[in-house]
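Presented below are the structures under discussion, each in the form of structure tokens.
Next, two complexes with subunit A in common: one pairs it with subunit B, the other with subunit C.
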Partner chain A sequence: MLQIQNVTKKYQNFTALEHINLEFENGIYGLLAPNGAGKTTLLKLITTLLFPTEGELFYDGVEIKKLDALYREKLGFLPQDFGYYREYTPEKYLHYIGVLKGMEQRKLREKTGEVLELLGLSEQKNKKMKKFSGGMIQRVGIAQALLNDPQILVLDEPTAGLDPKERMRFCKILTSLSKDKTVLLSTHIVSDVEFTANRIVMLKDKGVYCNDTVENICKGLEGSLFETAVEERALPEWEERYQVVSRRREGAAIIVRFISRHAEAGWKPVKPGLEDVFLSLYR
Partner chain B sequence: MRCRIEEGKRLLTSRFFMVLFAGALVVNFWLLANYSDQAPMAEAAAGLWERGVYSVTKENTEVIIAAFAGKEPPAAQISVRRAVEAVPLMADKIGAADFAEIFIEKLRLAGRAAQAVRNACAPMEGWLVRDKENGTAFSVFVPCTSDFCSLFFRILPTACTVEAALAAVLFMLYCVNAPYDRRSKELVYATKTGRKLNRLQMESAFLVIVFFTAALWSITFLAAEGVFHIGKLWRVKVGSMMMLDSFYPVVCRFSISFGAYMLLQAAMSVCISLLFGMAAAGFVEKKHRTAEAFFKMGFVCTALAAAAEIFPRDSMLLFAIRFNPVEFIKKAGHYFAGGAGFLSVKYYEAAFILCWGVLLLAFLAVRYKRFLMEDI
Partner chain C sequence: MSDREAFLEGMWKKAAEKEQTLRAAECLLEETAKPDFADLLKNMLVGIGFRQLYAGMAGVISIAFVITILTAYLLLKVVLQMGESVYVAAFFSAPILYAGIFTLSWIKERGSGCYELQMSCKYTFCHVLSARMLGECLTGFVFNGVYAAALALHCKADGIRLFAVSFSSLMLFALLAAAGILRGRQVRGAVYSGAVWLLINMVFLLSVPAVYGKLLEELPVFLFIGVGLSGMCVYIKQLILMTGPAFRKEYANAANTKRY
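After this line comes the complex of A and B, so read on.
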């Protein structure tokens, strides 16, 4: 189990995260927050790239600083923007990363074949990566994160650059992996985590806003989310009075989805989804 | 260990390594090609050694002159006859004081600095006597072709050392800063090896630098053998040899063959390239910006060379200023040797490498320790 205890991270005069307390067990955790909310900082703290200004991180009750390489051995990380050697083939690249991860030669060979197969890269394993599309590169990135069979899998915006089919496939892989692993998936694409994550962690104002299941998070908005048709010229006034979550045009009218504490005639109550919560929170 | 091997493999199989190595060889081959007209003279000298004519005596003067007949380069300032006949005379006339004066004149020294050179050159008298006694001073080499001597005692060693030092800087920057340059730092430093990889990369870069320098020297001198057919001339003892360098010989502190002397120069070249590699690592480890580190290093080297050039010539501090890696590179081909404008006091090379090596290693150790605690 990974525990974050009262962690604060400051960059000189700027505080990115303040008094963060979180616990991660096996399962998929979706880390949702808009850009600049501290998602990457949190992930970097977990992956030992940053050191907390205050507080501490523990893995199975031991400070990760003390565990050092033993902790990193259990880690699989796909950064948001990862570099690679363009001249390398996926097989060679995975071999290189496997060596950095301290894997045994035999196990590395086995796992390389396995993850290449899993990510559908077997046929391209001997092609130079400089010829790959963005989606294929991203798949190689995911492959390297899975290579050491990590206990903690940290994925920072992993679906960026993947087409819908690849995203679906990726979510399927994640679900199969999450049985005996802690998977942390940071994204601002709500649909990526809505149906795959066991719990959602939302960051706001340098702290944790919520850490709960999708169902419980959405419950908070139940009975307060409505849809109604509004004339286009009345929209600005509407937006001032209510927290509008989304809007779409239907003929001459605009259908707005908004939050209100009370209901009025003509307003259609709507079942809230995670996207509604997200949009209402980071409006 | 496997990380070191992987990093070494990555560097050795990179296009960057190939280009640098090929570039350095092309320059060296071009130099050899430029001096290839000295080949007949070198072959004639080697032929004399094959026939057992090892040193110039009054009895064999005509044999030596005949061996070189018709092979003299047209632009030679001194004829073979004059050179060979002058050898015994010059051996008697040239002393340590002459070398001191050449050095003082070359650096335009005065006052205490000049006196220091006279004192430092005094032991050379003993080396000269030693070489006259054992006959080394009269060894047959390649007469009246100062170009040939300067090719082996100045140009090729300097070229190899400069190329190796430059390559060392570039390899170190390429290797140590790769996670930053390739934007893979987050991925790399989150692995089991983590930040320790920096040290391992540095060590692999050192191994590659040694390999590069050794390979460069080996191939260059093998090619030289191919061009000049030096053969037995590799066995000529270097040391106050009057047929070397237009009567101003390389005076080595110990009696050593030409081949072994070149091997020692290569070893020194390896050391100097390692020092430059370490310096490059020190520069890049601070901000992890490759281009900035490269240009800063270039600026510091230029500043050091300029400071040594314009420093007052009557102060002892001049020698302290010259105790820097750039000046050390300039000495390539004349390590362990006095004369020809280089002051080389006893243990100078060892002291230089030891002092700078320890200083740079300590600096790198401090930087590495800090890096372990830095945010990525």
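After this line comes the complex of A and C, so read on.
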């Protein structure tokens, strides 16, 4: 189990995270927050790319700074801007990363073939990566994160660049892996985590806003979310009076989806989804 | 004793045992977290391996060798034209191969953007960096040995003095480079230190060429060897420090603070 206890991270005069307390067990955790909310800082703290200004991180009760390499051996990480050597083939690249992960040669060969197959890269394993599309590069990135069969898998924006089919396949892989691993998936694409994550962690104002199941998070908006048709010229006034989550055009009218504490005739109550909570929170 | 009391006592006993185990584990981990020279060698030769340490770097290593040979040749010509001794050329050119491989491989590494990924692996960027710096020192050592032998044969000079002079020069340069990284918490610290070393030598050579050459010709050989060996000991200590958790923490925080 990974525990974050009272962690604060400051960069000189700027505070990125303040008094964060979180616990991660096996399962998929979706980390949702808009850009600049501290998602990447939190992931960097977990992956030892950064160290907290205050507080501590523990893995199975021991401080991760004390576990040092023992902890990093249990990590799989896909950074947001994942670096690779353009002249390398996926096989050669995975071999290099496997060596840095301290994997034994025989296991590394086995796992390389396995992850390349899993990510549908077997046929391209000997082609140079400079010829790859963004989606294929991202798949190589996911493959290297899975290579050492990590206990903690940290993925920063893993679906960026993937087409819908690849995204579905990726979510399927994650679900099968999460049985005996802690998977942390950071994204601002709500649909990536809505149906796959066991819990959602939302960050706001440098702290944890919520850490709960999708169902419980959505419950908070139940009975307060409505849809109604509004004339286009009345839209600015609506936006001032209510918290409008989204809008779409239907003929001459605009259908607005908004939050209100009380219901009025003509308003259609709607079942809130995670996207509604996300949009209402970070509006 | 009631069942409840027995249960509670059992629980307290278990909690105390767990606490003791955790404390022992922490002590053990603290001890193993302090790397030594054996760890540094193990990382370079067995853990990462020499092949992977310079994987994809064949191009830059070849360029570094070409630059070194050309520079050493030109430097020798200039020094001899100035009427200086070959020892000046040996001293001046000794760190070029080290500096060349170090700088070019660093530029290539930066271009790949693999830093974040490497820092989350068992062998982090700092391990790779220190193992490479050890490798570069060994490569420079061998190259300088060959160069000293060639100069001794070609210019009929004292081979041992030539070797001792280049050995001390290489170690002083390497020492400064490592100190630059440790102090600046950035790889470019090594480049700055290297540039300072080059500048000081240039100024010294151009302003008092007679003294420069005389010192290299007349100071006892054991002094150069002594300086080289002392430099080597401190250098290895610095490389070990680079792989330790304390430096990694400072380096990682510095690398992520630049943008703020």
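Criterion: the second predicted complex is superposed on the first by the 283 of 283 C-alpha atoms of A that agree within 3 Å, B and C clash if a C-alpha of one lies under 4 Å from a C-alpha of the other, contacts with A are read in each partner's own complex, and residues count from 1 in each chain.
Assume a residue touches a chain if its C-beta (ideal position, glycine included) is under 8 Å from a C-beta of that chain, and two chains touch if they have at least 3 such contacts.
Fair warning: this is a prediction, and the values are worked out from it, not measured in the lab.
Taken together in the superposed arrangement on subunit A, subunit B and subunit C clash. Of the two partner chains, subunit B and subunit C are each touched by A:R72. By the touch criterion defined above, A:V62 lies against subunit C but remains apart from subunit B after alignment on the C-alpha atoms of chain A. By the document's definition of touching, of the two partners only subunit C reaches A:Q12; subunit B does not. In the superposed model, A:P164 lies in contact with neither subunit B nor subunit C. Which of subunit B and subunit C touches more residues of subunit A: that partner is C.
The superposed model puts subunit C in the path of subunit B at one of 39-47, 129-137 or 165-173, which is 165-173.
Residues 11, 44, 47-51, 68-69, 72-73, 75, 77, 79, 81-85, 87, 96-97, 99-102, 144 of subunit A are contacted both by subunit B in one complex and by subunit C in the other. Those residues of subunit A that touch subunit B in the shared complex are 11, 44, 47-51, 68-69, 72-73, 75, 77-79, 81-85, 87, 96-97, 99-102, 141, 144, 148. Looking at the complex, you find that subunit A touches subunit C at residues 11-14, 44, 47-51, 61-63, 65-70, 72-73, 75, 77, 79, 81-88, 92, 95-97, 99-102, 144, 154. By the touch rule above, subunit B contacts subunit A in their complex via residues 2-3, 6, 10, 14-15, 179, 182-194, 196-197, 373, 375-376. Considering their complex, residues 22, 25-26, 29-30, 33, 47-49, 52, 55-56, 112-124, 128, 245, 249, 252-253, 256-257, 260 of subunit C touch subunit A.
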